[in-house]
Structure formats: C-alpha cells, structure tokens
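The same chain A turns up in both complexes below, where it pairs with chain B and then with chain C.
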Partner chain A sequence: MVLTLQNITKQYKDKLALKGFSLEMTEGIYGLLGPNGAGKTTLMRIIADVLRPTEGSVRVDGELKEGMNERYRDLLGYLPQELGIYKSFTAYNFLMYIASLKGIEKHRAKSKAEELLEITGLKDSKVRLCGSFSGGMKRRLGIAQALLNDPKILILDEPTSGLDPKERVRFRNLISGISQNRIVLLSTHIVSDLDMIAKAVILLREGQLIRADAGKKLLEELDGKVWNVKIPESRFVEYENKYTIGNLTRRDGLLELRILSDARPEEAACPDSPTLEDMYLYFFKEKEQSGQEEAII
Partner chain B sequence: MSLLLFEMKKLFLKRNTLVIILLFILIPLIPNLMGEINYYSNNGEPGTLYGISKPYEGDVDPEIAQKANDEIMMVLNRKMSKTGDANIFGDNSREQIDFYFDYSNADHGLNSYQSGDIREKPEKPYSLRGIKNRMETLEKEGKKDSYEYVMRVMQYSMLVESGEPGFHYVKSWRNLFSFLTMGSGFLFTAFLLLLVIAPVFSNERVTGMDSIILSSRNGRVKVVTAKLAASVIFASVFVIVYNLSQLAGYIGVGGAMGWDAPLKSILGYALCPYNITILQFFLIQLVLQLLGSIMLTAAIAFVSSVSRSSLASFFISLLVIFYPYILGVLLRISAEWLQPLIDLSMLKLAVAHDAFAAFKAFNLFGSPVLYINVLIPLVIAMGIIFILLTYRQVRRQQVC
Partner chain C sequence: MKDEISREEMDEIEQMLKAYIIPVPEKKRIDMAVNHVAECMRHSNSYKADSGIFSRLIKVSAHVLRYSGKRYFLVCLVIYAAVLLLLRDNRINPYTPVIILGPVPFMAALLDIFRSREAGMAELEASFKYNLKQLMISKLVLAAFTNIVCNSVFSIAILGMYKSVNPAKVFLFWCVPFLFISTVSLFITMRIRGYYAPTVCLGIWSAFSVYITGNTRVMEYLVYRAEIELFVLGGVISSIFLIYAVSCLLIKSMERGDLYGTDSAKYYEAI
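Here is the complex of A and B:
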C-alpha cells in the first residue's frame, strides 16, 4: 500500500500550519518529529480525515481519500493527542462502542476487544469504569481502540505520553510487532521511542518538511559531529553560548558535556556515536542558529 | 443496531439523566396531586360529586343554569359580607355548591358558543351569533367571494356540526388538561430535552471523542442516524411516561369519569370546532406532543452539532424552543407579522390547546386551511430540514 501526501497545505485564519507537505509512505513505522507548533498534529488530523487541507491531496494507491470516503476511514486507526473517554463506560464497553463505530461485526469485535485488553495490560480492568483510569491506562485504552479494526494506516499522536518506561517498552514492542503490513505514523516528543523501530524519521518544522529519511541515514549525517568533553564548571557559559549541548553530567568536580559541533571543540574532546536525540537537537538547533544569523544579517 | 444501543445507553444511563427524568416527572406531579387531593377533601369525594352531577349530564338546562348562577352569587355575597362563622353555603352542601359551580361553567361555555361575551369583537367573532353577524355584514358589502367570508362559512359550519357544549362531569380531565395541554405542562418536557439532547453532539467535541468518531468508518453518517434515533426514542419515552404519569395521577385521585364526554364539556374548549371526546383529545394531544417533541429534538440536535460547547448548545436551543414565549410574553412584542411565526412554531404543536380551543385557519392561496393542518406538515418539514442539516454538518465537520 502506498499513502501519498501531495502538496498538503493548511491555512488557518492567520497561521500557515502546513506548507506544501509532500511525502510517500509505504508499510513500516514513520516517526514524526518536530518542535511544538511544527504542524505534526495538523498533518495527522488531515491523514485521519478529521481535518480538510486547504490545498493538496491524500491518496491511497493513487485513489483520492475523498472518493474512497468510508473505505478510506475503514483503513484508519487513530489515536489523537487529546483522547476523550466516556467516564461512565467500562473499558470493554468503550472498545465495543468504538468497534461499532468502525463497523466491526459483533462477534469479531468481542474477541478483538478481549485480545487488545490483554495486549495493553488492561484485562484486569476490563469492567472498571473509564472514569477511574489513570492517565497511562487511558492512553493504553486509546492505543487499543486504534488497533481494533486492524488498521492499514495507524496514526498515533503522542502515543507514549503518560506511559511509564515499562509501558513504553511494551508499546514499542507492540507497534514494532504489528508494523509489517501497515503504515504507522507516530509523533512523539520522546525521541528514544523511535530508536530501533522507525523505518523513517520525518522532520517537520514550521509546517514544512525538512527531512524524511531512514533514521540510520540521518544519523550518518551527524558522524563526527558528536563530542564528549570534560570542562571545569567556570567554562560552562562559554560552551553553552558556542555549542549545542545535548547532555550534561557532573563527574569528579568537572562537567561532562555532550556537544554537537561540526569541528572538534577542543583537543581533549572525544567523538561519540550520534543518537536520534542528537539528530533532533542538531536539526532543530541548526534552524534556531541560522535564524539568529539571519536576524543579525 | 449496536451503535444505536450504545447511543441510547449514553443518553439514558448517564449518571444524572435518570435522576433528572425522575425529578422532571415528580416536580409537577406532586404539587398537582396535592392540589387535587386538597380540592376533593374541601369539596367532597369524587364519587359523591359525580353522583350529584350524573342526573344532569347532557344539554344545559336554562332553569338549572339560572339556579346554579343564583346559588353561586349568594355564596359569593355571603363570602363578601364577611359574616365570619356564618355558613357561606347556606342550605346547600359543599358538594351541591361544587355542582352549581360546574353547571355554571357549562352554561358559561354554552353562552360563549352561542352569543359570545364582552371579549368578542365584531371583526373577530367566535360565537355563532357573532360569526353570523359578520357573514351578513360581508354579504351586505358584497364580499361573498372574499377569503374572510369563505373562512367564516367554514368556521360557522364546523362549530354547528361539532355541536353545542353540554354539561358533563369532567373534573379530573379538566384539571389534567389545564396542566398538560398548556405551556406549563410542556415546559418540563422542553427543559428535559434541552438538558439531555443539547450535549448529544457538542459533548463529543468537549470530551475530545470527536476525533475518534469522525475518523471511524461510521463516524460521519451512521453515528448521526444512531444519535438522532436515540434522541427521538428518549424524547418519545419521556413524553409517554410523563403524560401517562400525569394521567394516572389525576384519574387516580379524581376518577376517570367523563372520558367519553365531548371535549366541549370543558369550559376552555367550548369553542372547539371538532366533535371529539375527551379520551380522543387526550390521545391526539399525546400524538401532537410526541410529534412536537421529536421535531424539537431534531432542532436541538442540529444546534448541538454546530455548537462548540454544551452550554452554548443549551442556550441557543433554549432560544429556538422558547422564542414564541420570549417574543410574546417576555418581550411583549405583539407585531402582527410576528404572530404567524409564533403560531407556527414547534412549541405550539406540542402544546395542543391553541389548535383545539377555538377555530383558527390560515389563508393559503385564498382558501382557509385549518391551523392544525398547516401546523403539522410545517413542523414536520422543519424537523426534516434540521435532520438533513445535522447530517450535512457532521459530514463536513472538522477537528481544529
């Protein structure tokens, strides 16, 4: 299956949320990264068919989603960033309600709901009212509802927010396990969520696609640009002004900094392997710096 | 089907809904019943009152009417003279005086029917004599082809054919109708519909469920059908339960006597142009209330589908439902052009009194068409338009 986004533009009254976004996606996990306000949620809403683009088109195997109508929505599983849950419904009833919205036959819906409650670790809370759920449990229920119809296009907006580390690992494994024959688009602020599982990373800034490529390829661009350096605390401000600092630890009275820099910052600096977090900082810090330069010019 | 069941569950089984339903049934019922119980304890047992009235049922006898009016005048005079402990009923029992009051009312109804009263205007007659006079005036003016003349002929013949108001023991029904078929009776239904139906679509926005619903296969069309059907079922169940509970309350206290009497036996309906019994009218007003409530439900659902919050949906719907009251009663606007807007509102259909208490017709292409025959199709058409607009709105809805 090929999901084609062509020249997607979304203009709100006084804000351009997306500018000519084009991308072609096939089966696999796509990580959507970008700072707040980059247009991630807008893009996901457009793909989820709950928001119309001002311009551009969404096609599945060449067919416009508008023409597909119900057939298009049949392919979707969507976990929005702000998930509403009926407080007076039990977890099981909530899933059965979503199943009826998705037009899933009752017998299949029952077995699928049971299966997903098990997978998401909510089996014991099956008959508990959703109103009594913690944030993490609601999120897991949200993930379960998105998977009810075995969607071919799974859109997950910040799926791991509110999950504890163990739940995040479980979620990563779950998504990784089901991604073979479907397109998964996942936005997150927790860059490490994408480690190992993302087929490609999409970098979005101010509504524009700045890069979409395999994580490995993007990381290659950072080879020789990640450094570890130990400095006395008194030099921190100097480093902070000069470099993008990824990490900071205090050891033996010195500060150990992880620095993103095209050139070796000093003789004693040791090169290190780049991570997705470094990549995020590199691409989004770069813009801030160039922005500053433009402002200076 | 399962979607409908879930939507019904969301409406009926919300924590507060059942409590609100119960309150909205009991709040009017309890004081009404207390009033009834109080009435019968002051004026006599229903069986005794019926026993006194029964021999006199039928056409109003002028002699008995005169005696009833005289006795009532004497009671009122004794009451006015403030003679403290003196028995204001004189030689009559309180049950007898109650009968005289009822008979006097029947006589008053007959007089209104035959010759009108001080409220009747020559250009707007409602009694047989007044209508006849008006027809003669129009004939003299050579306006026999005019709309008004044709309408007066229709009015006159319907009033004649529906028969003279007589005397019947209809106490329970009279009291029931004075609540149920007036605005006050429908007020509770209207407010309940507002409280329960106004959030039906808007609440999905408020809770953030709209994204999931709209992105699902059935989230643009079938869910609207399910929500509308659930709302209509809710409104219908409430209207039936509400009406039956009021009926059971009134006839439980005062008895069902008079169910087969002509509706005209009730003073407020003496000028009714239809020859129907009281039970028939109860069923007709129930059907009209159902129809009006269903159409109001459609209107509220539409408002809900375009509202960003349940509160906004509630208040906009409030205006949509109660504009006849707001314009006519609260703002005291009596402009002539406003009258058809008020007359042809959904609320007027649900409140059956106006369509049955007197003859009313609309000029449609020069022909008089009975009020109810204009009101029903018009309100149904409005309801259908609201339903179609709701589908259109949800089909185009976006999550921003």
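Here is the complex of A and C:
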C-alpha cells in the first residue's frame, strides 16, 4: 500500500499551518517530529479525514481519498491528541460502540474488543466505567479503539503522553509488532519513543517538511558533531552561548556537557555516537536557542 | 459487379489512406488520459457507494438506538403516559398539554445530538466509517420522528377522550411549537456549548408554555378565535427555519473546521 501526500497546504484564517507538504509512505512506522505549532496535528487530521486541506491531495495506491469516501475511512485507525470518552460507558461498551461506528460486525467486534482489552492491559477494567479511568488508562483505551478495525493506516497523535515508562515500552512493542502490513504515522514529543521502531523520521517545522529519511541516515549526518566535554561550572555560560547543549550532568565538581558542534569544542572533548535526541536538537536548534522548544527528550 | 479488389485499387486505397496520418501521442499524454478516465471511473464508483443513503441511515439509526435510545424513549413514554393519566379527570383543558408537550421530545433529544461535542468525541467520530455527519443526521431524523409519533399518538388519544376538540387544531397546536421551538433550541444549542443549553431551553419553554396556557384570554383566542391559516403560516415559516438550521449544522460538519480559524478544535466544540 502506498499513501501519497501531494502538496498538502492548510491555511487557517490567519495562519498557514502546512505549506506544500509532499511525501510517499509505504508499510512501516513513520515518526513525526517537530516543535509545537509545526503542523503535526493538522497533518494528522488531514490524513484522518477530519480536516480538509486547502490545497493538495491524499491518495491511497493512486486513488484520491475523496473518491474512496467510506472505503478510505474504513482503512483508518485514529487516535487524536485529545481524546474524549463517554464517561457512562464501560471500557468494553465503549469499544463496542466504536466498533459499531466503524462498521464491524457484532461477532467480530466482540472478539476484537476482548483481544484489545487484553493487549492494552485493560482486561481487568473491562466493566469499569470510563469516567473512573486514569489518564494512562484512557490513553490505552484510545489506542485499543484505533486498532479495532485492523487499520491499514494507523494515525497516532502523541499516543504515549500520559503513559508510564512500562506502558510506553509495552506500547512500543505493540506498535512494532503490528507495523509489518500497515502504515503507522506516529507523532510524539518523546523522541526516544521512535528509537528502534521507526522506519523513517519526518521532521516538520513551521508547516514545512525539513527532512524525511531513515533515522540511521539522519544520524549519519551528525557523525563527528556530538561531543562530551567536562568543564568547571564557571565556564557554563560561555559554552551555553556558543554551542547547542544536550545533556548536562554534574560529576566530581565539574559539569559534563553533551555538545552539538561541527568542530571539536576543545582538545579534551571526546566524540560520541549521535542519538535521536541529538538529531532533534540539531535540526531544531534555532528554536531551541530562542527558548521556544518544548520537546521532552 | 466485381467481387475482388485488384492490386491497383489496393495501391490506390493505400495512397489515399496515407493522407490520414494519426500521430502517436507521447507516453506522458497517454498516461494523463488513462489517469483522467480512471478518475471518472472512481467518481462513478463513489456515486454508487453513496447511493444507499437510506440503508446507511437505517444502519446508523440502529446504532444510535442501541447505544443511546433506550433511556430517552422510556422518559418520553413515561411523560406522555403520565399526562394522559392526568387528563382522565376532565379538569384540564386538553389543548394545554398538547401545546406544552409539542416540542419536548425533540428538545430532550438535543442533549444526545450534541453529546459527541460535549464529551470531546467529535474529532474521533469524524474519522469513522459512519462518521459524525451521518451520526448527527440519524439523530436529528430519529428525534423528529419520535416527536411526531409521540404527539400523533397523544393527539389520537385526546381525540378519543374528548369528542368536542377540533382535530385540525390539536394537530396544529403541537406541530407549530414543535417546528418553531425546536428550531430556536437547535440554533441556541449549536452556538452555546454545554449540556445546560438544551436544559435551559427546555426550562424556558416549559415556563413560557405553562404561562401561556394558564392565561384564559390567550387560550380562548387560540382555541376559538384564531384562524387555522395563521397556524399553517406559522408552521410553514418555522419549517423553513428548521430546514435552514439543519443545513447550517450539516454544512459545518462537512466543512470540518474551516469556519473556525486556526484552532480547529473550536470547530468540534461548535458542532
């Protein structure tokens, strides 16, 4: 299956949220990264058929989504950034309700709902009212509803927000396991969520596609640009003004900095292997320096 | 007459046909033509898929009934049954409950029609096979249908209990408030978020209708002196407004956020 986004532009009243975004996606996991206001949610809403683009088209195997209509929505699984839940429904009834709107037969819906409650660790809370769920449980229920129809295109807008580390690992494994025969587009602020599982990373800034490539390839661009350096605390401001700083740890009265720099910052600096966190800082460093970046890394 | 074409004639025909050279188009142009035809075919397919609107309406309505209809129907049934019981002692003007109850089932259904918005489910429901627009159409149709059935049955019961009532007036006394008050309530609920909007509308209507029907002079005018044509005119005008209100609601659900500036979430609050 090929999902083609061609020249997607979205103009709101006074803001251009997406500018000529074009990309072709095949089966696998795509991680969508970008600072707040980059247009990630707008892009996902357009693919989820919830928002119309001002310009451009979305095609599946060459067929326009507008022409496919219900057939297109039948391929979708969507988890919005902010998911409301009917509080008076039990988890099981909520999934059955969604299954009904997705046009899934009752018999299949029952077995699928049971299976997904098990997978998402909600089996014991099957008959509990959704209104009594914690944020993490609601998120897991949201993930379960997105998978109900075995979607060929799975769109997850910040799926791991509100999940604890154990749940995040479980979610990563789940997504990785099901990604073989479907397109998964996953937006996140938690860069480490994409480690190991993403086939490609899409970098979006101010509505424009900066880069879309395999994480490994993007990391190659940072080879020789990541340094570890130990400095006395008194020199921190000087380094902060001069370099993009990743991690900072205090050890033995010294500050250990992880620096992104094209050139070796000083003789004693040791080169290190780049990570996706470094990549995020590298591509969005201008914003980072202006103090607008809000990624959790 | 000669059956066979001679060699000379064949050469002559070949020479003549050479004048009609059809240039072979570039591959790019052939591909464009194929794509264009394929697009037309898709449109015709999607037209076929959309042609079963009625069956889809039934499917989505069945879904609505299964998940949110039972309590609503039970409440409607209890209210109408209770009023009929009250009417048995013949001390209440039969037109009074007809007017008061006229738009009540539809107004009560507004709580459910806008439930997706209030629960923050509108965005998710817009992405489903049977999407938010279809869900809202089904709910609106069901609410109107229930309102009409409840009032029709109630009217028949009243006509059976009171031989002196005018059937046309009984019909118009619930029909006009149903059309007019439902439209006003729909407009208000579309614009004001929160479960309290339909509840407040219901409260205002109850207070107003009780006041009107409690006023002897007004009731005398409505029952004995007002022309039926006046009610018919009111009904027609209200119908036009109701159609307009429903169109506004559906256009919003089709335009999906485009009306609400940069924060598309506001759109889902608005529908």
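Please note the rule applied: the second predicted complex is superposed on the first by the 285 of 297 C-alpha atoms of A that agree within 3 Å, B and C clash if a C-alpha of one lies under 4 Å from a C-alpha of the other, contacts with A are read in each partner's own complex, and residues count from 1 in each chain.
The criterion applied here is as follows: a residue touches a chain if its C-beta (ideal position, glycine included) is under 8 Å from a C-beta of that chain, and two chains touch if they have at least 3 such contacts.
Every value quoted in this text rests on a predicted model; they were computed, and no experiment measured them.
*Asks:* After the chain A overlay, clash or fit between chain B and chain C?
*Replies:* Once chain A is superposed (C-alpha atoms), there is a clash between chain B and chain C.
*Asks:* Touching A:84, do we find chain B (first), chain C (second), both, or neither?
*Replies:* In the superposed model, A:84 contacts both chain B and chain C.
*Asks:* Could you tell me if A:101 is touching chain B, chain C, both of them or neither one (first, second, both, neither)?
*Replies:* both
*Asks:* Looking at A:134, would you say it contacts chain B, chain C, both, or neither? Reply first, second, both or neither.
*Replies:* A:134 sits against neither chain B nor chain C.
*Asks:* Is A:73 contacted by the first partner chain B, the second partner chain C, both or neither?
*Replies:* Once the two structures are laid over each other on A, A:73 reaches both partners.
*Asks:* In the overlaid three-chain picture, which partner chain does A:13 touch, first (chain B) or second (chain C), both, or neither?
*Replies:* Second partner only, chain C.
*Asks:* Where does A:63 make contact in the superposed view: on chain B (first), on chain C (second), on both, or on neither?
*Replies:* So A:63 only meets chain C here.
*Asks:* Once the two complexes are aligned on chain A, which partner has more residues of chain A within touching range, chain B or chain C?
*Replies:* The partner with more contacted residues on chain A is C.
*Asks:* Between chain B (first) and chain C (second), which, if any, makes contact with A:181: first, second, both or neither?
*Replies:* In the superposition, A:181 contacts neither chain B nor chain C.
*Asks:* Can you check which stretch of chain B gets into chain C in the overlay, out of 129-137, 201-209 or 327-335?
*Replies:* So the stretch of chain B colliding with chain C after superposition is 201-209.
*Asks:* Based on the A-chain superposition described above, do chain B and chain C contact any of the same residues on chain A, and if so which?
*Replies:* 12, 45, 48-52, 70, 73-74, 76, 78, 80, 82-86, 93, 97-98, 100-103, 145, 149.
*Asks:* Which stretch or stretches of chain A touch chain C in the complex?
*Replies:* Its residues touching chain C are 12-15, 17, 42, 45, 48-52, 62-64, 66-71, 73-74, 76, 78, 80, 82-87, 93, 97-98, 100-103, 145, 149.
*Asks:* Which residues of chain A touch chain B in their complex?
*Replies:* 12, 45, 48-52, 70, 73-74, 76, 78, 80, 82-86, 88, 93, 96-98, 100-103, 106, 145, 149
*Asks:* Within their complex, state which residues of chain B touch chain A.
*Replies:* Where chain B meets chain A, its residues are 2-3, 6, 9-10, 13-15, 204, 206-220, 222-223, 398-400.
*Asks:* Which residues of chain C touch chain A once you look at their complex with the stated criterion?
*Replies:* 38-39, 42-43, 45-46, 49-50, 59, 63, 66-67, 115, 119-131, 135, 255-258, 261-262, 264-265
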